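In the two complexes that follow, subunit A is the common piece, with subunit B as its partner first and subunit C second.
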Partner chain A sequence: MAATTEATTKDVFDIWTTYQSILKDEEISTPLAAILALTELVQRSDAGTMFELVKALNDGAKVLNERTPNPISLNAGCELFIAFVTLFPHDSDSFSDLKKELVRQGQQYANEALTYRQKIARLALEFIKDDSVILTHSYSRVVMKTLLCAHERKRISVYVTEARPRGLGLRTYEELTAAGIPCTVVLDSAVAYAMNKIDFVLVGSEAVVESGGLINAVGSNQIAIIAKAANVPFYALAESYKFHRLFPLSQYDLPTHRPNILSFPLMAAPTPCRKHPVPLKEQPITAEERNASTLTSSQTRYMTQEQIARNPDVDYTRSRHNL
Partner chain B sequence: MTKAERRELQERQRATKAAAKASGPSTPATKPGATPTAKGTTQSLASAAKKSGKTADGKPVKGEQEDTSHLHTHAQVDDTTRGLRIFSHFGLPKSPSVTKGDVHPAIIRVGLQFSDFKITGANARCIAMLTAFKAVIQGYVTPPNNTLSRHLMTHLSPQINHLVLARPMSVTMGNAIRQLKLEISGSDIDLPEQDAKNALCTKIDNYIRDRIIIADQVIQETAGKKIKDGDVILTYARSSVVEKVLLRAWEDDKRFSVIIVDSRPMLEGKALLKALTAVSIPCTYLLLPSLPSVLPHATTLFVGAHSIHANGAVFSRAGTATVAMMAKAHNVPVVVCCETYKWSETVRWDSFSKNELGNLSVLCPLYDLTPPSYITAVVTEVGVIPPSSMSSIPAALGRTIGT
Partner chain C sequence: MATDPESAAGQRIVEHLAARLRRRQVVGSRETALETVLVLRQVVSKARFSNIDQLVDTIRSVGRKLVEAQPKEYTVGNTVRKVLHHIREEYHTATRGAAAPFPSKPTFSIAKFVSQGQPRKQTASQRTSHETRGVLRENDADDPDAFARALKPVFMEAIQDVLDELETVYDNVSKVAKDHIHSDEIILTIGNSSTVEAFLKAAASHRKYTVIVADTAPSYSGREMAQSLSTSGITTVLVPDSSVYALMSRINKVVLGAHAILANGGMFAVTGSLLAATAARAHSTPVVVCSGQFKLTPQWNLYHEYGALDFADPSGVLGFEEGDLVDKVDVVNPYYDYVRPEMIDAYITNDGDHPPSSVYRLIKEAYDDEDYEL
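Right, the complex of A and B next:
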């Protein structure tokens, strides 16, 4: 018993670091990294029966889920692999042969999955006409590949949203500009303003859910609603391993929903307003003070980290049928 | 003649026919009624059952039997018949011919319980029917020069007809009977009779266990995940599945409250209220007209179903569609809890084409259709499904049964 717990602790420890090291490859997305990490778990596992193996896989998946910042897409990969293992015909005589086969299939799948973005880019080309003006949101590898692929054959110009707070849209801007594609960054709040100049919207995805909806970086839902109101097509690109068995009933029914998201801060005893510590009437405002207050009102303010933490990272875009 | 004119003529002809039947001499057992009745049929059913399992009649003849019949003027009868014409296509039963063979007492009892609304609900009716069938099968003796696999179904037909005369068949009963027919015809010819009968009874038990009991357990778990602490769960009337989901979620230490919306004349919500308050779940009970005032407080709506259809529509107790539509308007997600054996490959767009009337003094259809656009999710034992994917349920079922 002690030996197995040692082995499992070793595995448990390994799975997170294994996962991290796999993720270092930029091309590999979180679900694929999860699949590869679980494949490695199978390889190292000393389970003797399918039951033990599946249990070990579930434990490993649980560890990954707890430690990752974005569990949804990772979970899609885990569930895909565990379902594959469970449904794999296990009537081979030797269990270790079975494990070898599972490992081989897992690695083969991951290798093939790396070609998915290319395939998607080629398929998406049919939707991109010459001289298209495209809006995209934040940074998505599959959208990047598609845009770069389109740029080789057609003329496109791209608007990209800033995607606060992480500002990943700026990364998209840098990469597109470096490739020679005309690109402009759009404020998240200016999407409605810009929508009538846009031919279609193209976004990536964290996960595609059972309701037919999409989970993507926060702001996608807003863009989708505006696009629908303006009759602008909204396309989402998703690799097949991002399909998840989740079924959110609402924005707040997501596993990433933390209780402090959109919560109100606890107010202490009411403090007097700091701007006017003394009633104006009684104290003449000096010229300095007057200048200072006007400066403060026009100066750009930024959200504090604590305020940002009260905001979600992803949102849920409903499919056309579920609106 | 335009279509409308032709219809008017048809209606007039039908009304005069019905009025003629009403005023003519008639006996309960031989006259078909305009619609099947709910109340006041015990007496007539019992007498009818003694004869040979024929049902009592619709309103015009019922009026004759009661003492107050002479108070009904011809005009009044005419009015009510015209009013019922709108749904008269629901329950015009074919004139019940003499039933070939006797109806088993277990079936007679279930029939009475159905027509008195003592047993209501798609699941309860199906289980009661299947349990009665087991008694029929055990009491069955294969006639000489015949085989069980070929003759048993003929023997069961009058039993089924008797139940249909009591109340129109539910989709669940229909699906169960179809499965039973399949099992009977697949019965091994070489098996001794008692073994074959026992095998069939086991198959019936397995059907109830797999498609209802276990399915409900899976649904309890899956739907339970959608209930969180502090939620206000809205529900309508009484669904056996929703009741199980709520009780199980409470058992799993989730702390939520329930709003039960109810409606006349069935007032089934009272039974649900009793069951939930028995385990101290905080409940609010109100009638359908008060729904708008509580909707802003609701988190999720859970309803059950009589049947679900290939186009994503849900056929359920009358009033469900109203509650679902209002909930959607208030952004309250609508979750339908439903076993897969309630799936029907028919496509339904309205509550009108096929329904059942309850009480006859007020126009009271028992069911209505909730269109797919008002449903957020359907929780079945094969997973949570959006209404647009309902047509894929048989395929999903095949996969789980296969593995």
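Right, the complex of A and C next:
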């Protein structure tokens, strides 16, 4: 019985495409999209018991989890919704009434959650004093909203990191400049150089974990460490649906860590160590390479896609109390 | 509503306290908190209201007036917030009892689930003593005082709870004194905090130990503290502030008082506290702070080195006796230091001991979110 209902559900409803189409809305973040996709699943599901419904939800969450490259914040949304469904105190007369109620709750939450960024922007205003110089990292919707909101009341200027390899920092730069906020893009490698000019660091978040740590776009951890060393406050903005039951002890505990990340390429014929200096010397070194610091942009060298693939998308920043 | 003589009397009491706060005739966190509760009690007992919102508005406007009169005494605002919290709580228990057949379940939502976690199985009505159910009539056009008549006694009781907490705060903080101070320890303290004084005296009845008191220039309040401690039989040593660092290697624990505890776990405390805390940090000596929970303030200090830029009369530092100098130098005499949360090991409060990292939680429990801005 359970198997047949599951099969029919899958035929008419593909959670992954639903999820993708929900995500097309710029305002909706991954955890919310996951909640909405699961809500849709509840609506379409013909489960007749709680057991079947929860199983369908878990299966849906599993599909989403497997197909997305970075499942952390998506999992936060899925776990929240499934836990809510399991614990929801209902007095509905029939199971279909309960499902209707759950769908209503899911949609109502999504609507409510869309106001959260505005609320954060309002609460963060108190932390931004007039004439602040702020460093932000990559692109975050909640950070953008906060900065634009602060710009209406206070004078702020912003440094934003380029955030290689996707270069999302440039998007932040464009939007802030368009809004009239003085903004300069800094190299990811120039954060330490810029740190002493900064009043505080402001980043968004992918997820906030149980240890009080932060999971965010790769590079956040090194910015936090530099900020700590320079005694500069580091603030992360997080909507409450980003709290995630996860207790990473190191970077490599994150679900996004794949074995190929930071792996070394396999050498076809490993050369013995002591022979190394010899061929290196024999290699012809061009004049440009010797003066690497004076390279012009046309001569800049980039990482290959394969090299980029050996790098992480997100990293884990420990909370102050565990540093 | 403001025209009838009773609320005019209420206004007068408020204005009177506001004036005294402004002139700095009432100082100190507990003193101002006590005065505030007393005024609020008067105001509520005289207030006319026919629903909860009117009462909340009345209390808030009184609170705003008092806070504006002296924004540097944080406990005024805190007390108002606390009273509002208690009154709302009483109102909710009363109305929940009255509206029992109506389901309270549809109020459960994902947002609530995120912020409060698992729903309680059945919130049994804990307080059956308030026999107000069934007769609650809000906004009754025929009898606008019906609501006030029904609930005022309960509200007065709520305010009395706040007052009782303030009155027993020293006893409750001192209850755990003997767990923190052990025999033959050497304790350093600064200033003349009544909470610390009560705490040390309570420990003295169980243990024999030594207190080193820094004399806390320029107010020299440490001298009064030393006097008071030694009269109650504690071995007391009075030292100049400048020797705090030198003595720190011999000290087992630093016990400080607080003026206000902030949401990030830091605090404002008498000048010299930062000096003692920094010296303690250098020697890894534990720093504990004794304070009542009425000092918990839902605010962040982000940009002030001196406690909210509160400065005292500079004559304590440089008097007019030194006439030639007076117009050649700037003299600064800040009241309070800001001590960062990293420098504090624990807060000993009238409701248990807490690390600075959980202060935000206590604040969330003590006040309602909507009252952070009065």
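Keep this in mind: the second predicted complex is superposed on the first by the 280 of 323 C-alpha atoms of A that agree within 3 Å, B and C clash if a C-alpha of one lies under 4 Å from a C-alpha of the other, contacts with A are read in each partner's own complex, and residues count from 1 in each chain.
Rule of thumb we're sticking to: a residue touches a chain if its C-beta (ideal position, glycine included) is under 8 Å from a C-beta of that chain, and two chains touch if they have at least 3 such contacts.
What you see is a predicted model, and the numbers here were worked out from it, not measured in a lab.
Superposition note: with subunit A as the common reference, subunit B and subunit C can be accommodated side by side. By the document's definition of touching, both partners, subunit B and subunit C, reach A:87.
A count of residues in subunit A touched by subunit B and by subunit C gives the higher number to C. Shared-chain residue A:210: touches subunit B; no touch with subunit C.
Once the two complexes are laid over each other on the shared chain, residue contacts for A:112 go to subunit C alone; subunit B is not touched.
When both complexes are overlaid on chain A, the residue A:241 reaches subunit C alone and has no touch with subunit B. By the touch criterion stated above, A:249 is placed in contact with subunit B alone, subunit C being left untouched. The minimum CA-CA separation between subunit B and subunit C in the overlaid arrangement is 5 Å, rounded to the whole angstrom. Overlap of the subunit B and subunit C interfaces on subunit A comprises residues 87, 321. Subunit B contributes residues 226, 300, 331, 333, 335, 372-373, 376-377, 383-389, 403 to its touches with subunit A in the complex.
Remark: subunit C residues 103, 105, 108-111, 113-115, 118-119, 300, 302-303, 342, 357 touch subunit A in the complex. Listing the residues of subunit A that touch subunit B in their complex gives 87, 210-212, 245, 247, 249-250, 253, 319, 321-322.
Every residue of subunit A that touches subunit C in the complex is listed here, in rising order: 35, 80-81, 83-84, 87-91, 105-106, 108-109, 112-113, 126-127, 129, 233, 240-241, 243, 320-321.
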